[in-house]
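Alright, structures below, take your time with them.
Same chain, two partners: subunit A is paired with subunit B first, then with subunit C.
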Partner chain A sequence: MISETLKRIPEYLLAILIIITLNFALPRMMPGDPFLQISGAGGEVGDAYTAEQREYFMAYYGLDRPAGEQFITYLGELSRGDLGFSYYYKESVSNMILRRLPWTLLLVSAATAISLGAGMALGSFAAWRRGRRSERLTYLMMVVFGEIPAFLVGLFLLVLLAAGLGLFPLAGAMSHYTQFDSYGAQLADIMHHAALPVLTLSLARTGSLFLLVRNSLGTILTRDYMRTARAKGLTERRIRWRHAMRNALLPLITRTAMQMGAMVGGAVLVENVFNYPGLGQLMYDAVFVRDYPLLQGIFLVLAITVLAANLLADLLYKRLDPRIAAEVKKQSTGPGIKPVGTGGRNEDL
Partner chain B sequence: MTQPDILFAQPEKKTQKTILAANNLSVCYYGENRGIHALHNVSFQLQEKETLGIIGESGSGKTTLALALLGLIEKPHAVLGQALLGEEDMLALQEEEKKKLRWDRIALVFQNSQEVLNPVLSIGEQVEEPLRRHRDLGGKELDEELQKLFSLVGLDYFWQEAYPHQLSGGMRQRVLLAMALSCQPELLIVDEPSTSLDAIARKEILDMLKALQKELGFSMIVISHDLAAMENLVDRLMVLYGGEVLESGPTIPLIENPLHPYTRGLINSSIEVHPYKDLWGIPGEASETTEIPTACAFAGRCTQEIVLCRQSKPALTETTGERAVRCHRGGIISLLQAGAVSKSYKVGKRNIHALQQTDLKLYHGETAALVGTSGSGKSTLAMILAGLIEPDQGEVIFNGHPVYDSKEARQENGIQLVMQDPFSSLSHRLSVAEAVDEPLLINKLGSTEARQERIKEALQAVSLPFDQSFLQRFCHSLSGGQRQRLAIARALVMRPALFIADEITSMLDVSTQANIMRMLKGLQYSRGFTMLYITHDLHLARKVAERIIVLHHGQIVEEGSARKVTEQSCCCHTHGLMEAGLHGEHVHNAG
Partner chain C sequence: MQEALLKLKNYLLRIFILAGLLWSRLSPTGRAALLILMLLVLTALFAPLLAWHPPDVSSGPALTPPGDGHLMGTDDLGVDLWAMIVFGARVSIIVGLGTALLAGLGGSIAGIASAYKGGWMDRVIMRLVDIMIVLPDLPVMIVLAAFFGPSLSNIIIVLALFSWSRPARLIRAQTLSLKEQPYVKMAAHYGGGFFYLLFRHFLPELLPLLLVNMIRLAGMAIIAEASLAFLGLGDPTSRSWGLIINHAVNFSGIYFTPFWQWWLLYPWLFLTLLVTSLALLGRDLERVADPRLSS
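The block that comes next holds the complex of A and B.
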């Protein structure tokens, strides 16, 4: 299994290289530059810098040199693990990202876990009740929520539950200037703040996972091995989860990994809606002030997060689908085993 | 609803325990807005250690029966009747109770397919699952039991780590078997154990089933269309068609001498039973019954159908030897019976006994071959059967009436004889049209137009041209093959019920012979007449006939299924004939 994964490394490296290039190019393709826009948010272009100052800074940060040269310098710094220095915040990009990253990871991982769990539970519920009224209602709800953009759901929740009813905080990731009696209380506070953003993200993502699980299970239930399981007199729980869901997991994992990019993109929007101090919010600010190094850094970290999720899914899939694992194992188990090349990945229905 | 069919009366001696009693089991599958009756009033009993075989074409309800017995047919589909497993009625129980019985007392070896095992669970886990569930085994005990099961079916234990896709078909069959035996059920249902396996694996599995049954003592229901497998494996056979039992009885007699036309059709289509004969399936296809059938299920495909068959459903009636058949006509009827027929000729002062006390029976729709050396009396018998010559003693009964004075040859649905030599059997002065028209004309059958139509039809059936120029050709201008076809057409124009072919191809070249034989079998297949094929060519006999009758010195010395007669003949003469006829110069001293 390890060697098979090693073979994928060049693919991942190539992906990263392309991402780095895009990260470098995209901010510079935006109109303006850091020292034109730096004067303030909201688009009020002031004259904080005189033409001489601007020229001085451009030369100081090397922005007057040809793009190719800048790129090579950037690559060199990157290879030493140096993400650069924020023009606007005058702080190390790595430090800023490290401070913000955990919040985004919290949102994304919690939303992934919740949408997976909900998708599986509801999908299974629907598959076993196909055609009944309860199933149709679930189906309708899921399609509706899946189709509404995340930030709209977020705004709705914010207005209704936070602003209107005051059940949740309006902004931030935790209460500042507060002493917590215990870690538990602190944790509760963090969860209280994260609840709405996570709920928003989960709602947006559950729909498609629900549909996938429902449809995969629908197919799986007609398979011969399900009849075998029933004939063996197994318990309903075992039939549903061990025999049916175990098979439905395979496409689910692929889908989750493929959705990771959309999930992170959703997180960026949701963080801005809820004023949540994650990478997404920082990115929004950085775009505004054309902070090239910060933008590059954030793009890079987010891209690598998505790639890592894909790699994880790849590894997990191999563990979960014996038909793929066997092809890798075949040398070690000798001639007795004939792997049947089934495209396990085609299970994504 | 018909009245319950009690198939197998419980034996007088009460020593044996009834494992399973199915009473009037009916299954109806409900689809979009119609129901399909997949099983209709099936009843049978199974004693301890007994093996019942169920045969039938696909769609006959075999697998439905297995699923119904396990209570695996769920709503919206309907299951009626009883499936008594000991004292408990599998069908009346709650789902939870059914689950407890499944696999614990009644287990199913599913038909071997890629998907019958869960692809993502290891073999070990799938085999031991029922043990955990029904026997509450765990840990070391479970491992030991699993090892035992694997060795029972001859699988190395390390395979328990494998996944289904890593197994060959034969191994998968073993795994399915081990899985089914895991809780030592009293009743094992085996669905198609030998299909999709190669010859060696097939034999291994069948032997294993037999040995395991002996060792573990379970009762068994084997569902298969592999008749040869059935022959060695099961005590009794039940023939299922359109969800109904058409015939049942002890295995060997049933295969050797089927009572129902459908059973005979099945056997004739089976390459295991007829290894040499050309295979001919049963014409037509079973229709899906959407309402409770009021006619015989086999009507429409049957060769001996009468009006009654379409009007009411026959009951399953017991005959002799624990056999039962569901047929308005009491099973395959005999079309012709010759009883103690003798015939002698005088040559000078000597009496030549051409036939001595010959008995012969021909069944409806069958192809029988009458073989024997020249001079054994074959042609004399053919002429007597057709009523062309009178026997000295004995009589021939055709369709319930005695045959005499070629009456049967003069009417429709009678007997037609085609002889060896087409040059002398057709007058060379007649035109093609006249030759075929002759029997119709003489016997005043139909108007001129109707006769024209029938002539064309008959010529078409034997693949001869039927345009005006050919109709007006004279017989002498035809080749041997064409003349023989013409002779057959002349016989067919009378729509015979019995077609006697006396060495009809012996004067033709091999290619013409092959063409005519195929054509004749095709005609028989589509029109369903009985054929008595007289030949001295054993290869040909074995190729066309399901039954062979051996005539020697004017006496029938042996008769039976083609395979039995050619392979395990019990008579010295037949044996010699077969050795010489079938193995040619390889004759060895077969004591």
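The block that comes next holds the complex of A and C.
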């Protein structure tokens, strides 16, 4: 059980290494060099640097050394948390990211929690009312909402609820230039600003979680232990939540973790829809002014966060599922039966 | 000549029957989605006939509301919105089709090779697939598009690089079970090489599943292109729907004006229609092609 998780760690390390290498290689694969870029902004070739000056700067930034050596230096800088210096904003990239990160984390974690809760509630609602009209309506709604990309849903909500009805602010994460009477009022203000982005992200993510819960509950309901639970005279609520939902929870965790990449991608877009000052909006700004160090720093932070979430889910999954431990034991003595519906990532084709 | 004609007729007849069979198995939602898709494809094909204004130069006063010669109004440069929408359909369809073909082909080759050859090749390909699946694709695509420049072909290549893993995994699983079929084993036993088996047995058997998966891929590619364009990373020479939305949203104060009622609404509507109908059709076809998948 532990070795199974340990076996996956090299994979994560490899993924991180690929990301870092990509990050290192991309600017160096571009035609020209940074000094050409700076001196010839906007396509006009000016010679702001003489040949000696260029050589001096190349040596100063270490760009004349072999690529392998540069890579080692780059790794060293990364390990010290140094993500470079933003051309445009003239500030350390790490500082800029740290300032924006909490907003993105707020959106992503709130949306994850809400979509998980909504997916479970609606999924079990649907599993218990299979075939009825209310269930089919929910199903259709969820499928449609799950398929529309988050930023389109966000634009719709923004136009309807914020611009049209004026219920929510159009942009930002909090009201500026205002004094709050209490922390509670400030918290309410922040929640008011975050409401639409979080709603958008949750709507876009609930669909697939709903389908997963509905389908796994559907198979669980036909199992023998469900009949046993009923025969024992347990209450409906207990059967639903303790016996059925507990088993549906496991694939849900894997799915949530695997969706983390899509969630972060969605957050990048949704932040730009709502002008929410998180990393996604900073990424947009970086693209707009072609501030490559900033862009790469954000990319690195997002990618590593997603990988960490996946690793966490892997660990959690093995903790939560006693059958995996049992299966490993069985396999050492003889062929074990693979538990249905808990195949984790390999099952999800 | 006569024979070739007869053969062609036979093929057409077969396609016709298959299409009819497919139609009869689709759910009402699937049928509606298919109809909308066909309409959009026709719109893209006959774009020059459908638009009576050019999609790239001004053809009237800026920001006129719909009506009065401009079916959907004009944008801030006086470019006809209907023309932009009609020609934008081409961009979406090229991106969807191109990515689906590239990724579907590459993915299925990787999947079949992985399953058939096994061993180290299987391990390497599957590790790659696992890594591709956990990588957050949008941020990577943003970085790649920012560095390599947002031309349409670059976007298609980047999208294909990020979507081959799903078909690869699906095809691998199917090939693994197909490999154990007696007739495949027999053919291999009689000396059928890898490519013989590939074209004679694997591809025909896997094709329906692959096609269904390619519809999914096309849908995801169209969404990704629209997302990149929305972030200002679309091909600036092609008027894609995402780019129109990007321009509209960046028009300062658009929500305080009535302009969004056409400038933002129509590209949004068409994009949503296209993406939703592709997804619904894909879902329905998955059910038809493999009843096992939809419990």
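What we mean here is this: the second predicted complex is superposed on the first by the 265 of 349 C-alpha atoms of A that agree within 3 Å, B and C clash if a C-alpha of one lies under 4 Å from a C-alpha of the other, contacts with A are read in each partner's own complex, and residues count from 1 in each chain.
Here is the rule we go by: contacts are C-beta pairs under 8 Å (C-beta built on N, C-alpha and C of every residue); 3 or more make two chains touch, one makes a residue touch a chain.
Since the structure is predicted, the reported quantities are computational estimates derived from the model, not experimental observations.
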Subunit B versus subunit C as contact partner of A:R242, first or second or both or neither: first
Partner with the higher number of touched subunit A residues, subunit C or subunit B: C
Which superposed partner A:Y61 touches (first subunit B, second subunit C, both, neither): neither
First, second, both or neither for A:A162, with subunit B first and subunit C second: second
A:R223 touches, of subunit B and subunit C: first, second, both or neither? first
Which of subunit B and subunit C A:Y74 touches, first, second, both or neither: neither
Which of subunit B and subunit C A:L26 touches, first, second, both or neither: second
Of subunit A, residues touching subunit C in the complex: 11-12, 14-15, 18-19, 22-23, 26-27, 29-30, 140, 143-144, 147-149, 151-152, 155-156, 158-159, 162-163, 170, 215, 218-219, 258, 260-262, 264-266, 268-269, 272-273, 283-284, 287-288, 290, 292, 295-296, 298-299, 302-303, 306-307, 310, 345, 349
Residue ranges of subunit A touching subunit B (in the complex, touch as defined): 223-225, 227-235, 238, 242-243, 246-247, 250, 320-323, 326, 337-340, 342
Residues on subunit B engaged by subunit A in the complex (per definition of touch): 67, 70, 72, 98-104, 107-108, 110, 113, 115-122, 129-130, 133-134, 162-163, 165-166, 168, 179
Complex contact set, residues of subunit C against subunit A: 29, 127, 130-131, 133-140, 142-144, 146-147, 166, 169-170, 173, 219, 223, 226-227, 230-233, 245, 249, 255-256, 260, 264, 268, 271-272, 275-276, 279-280, 283, 295
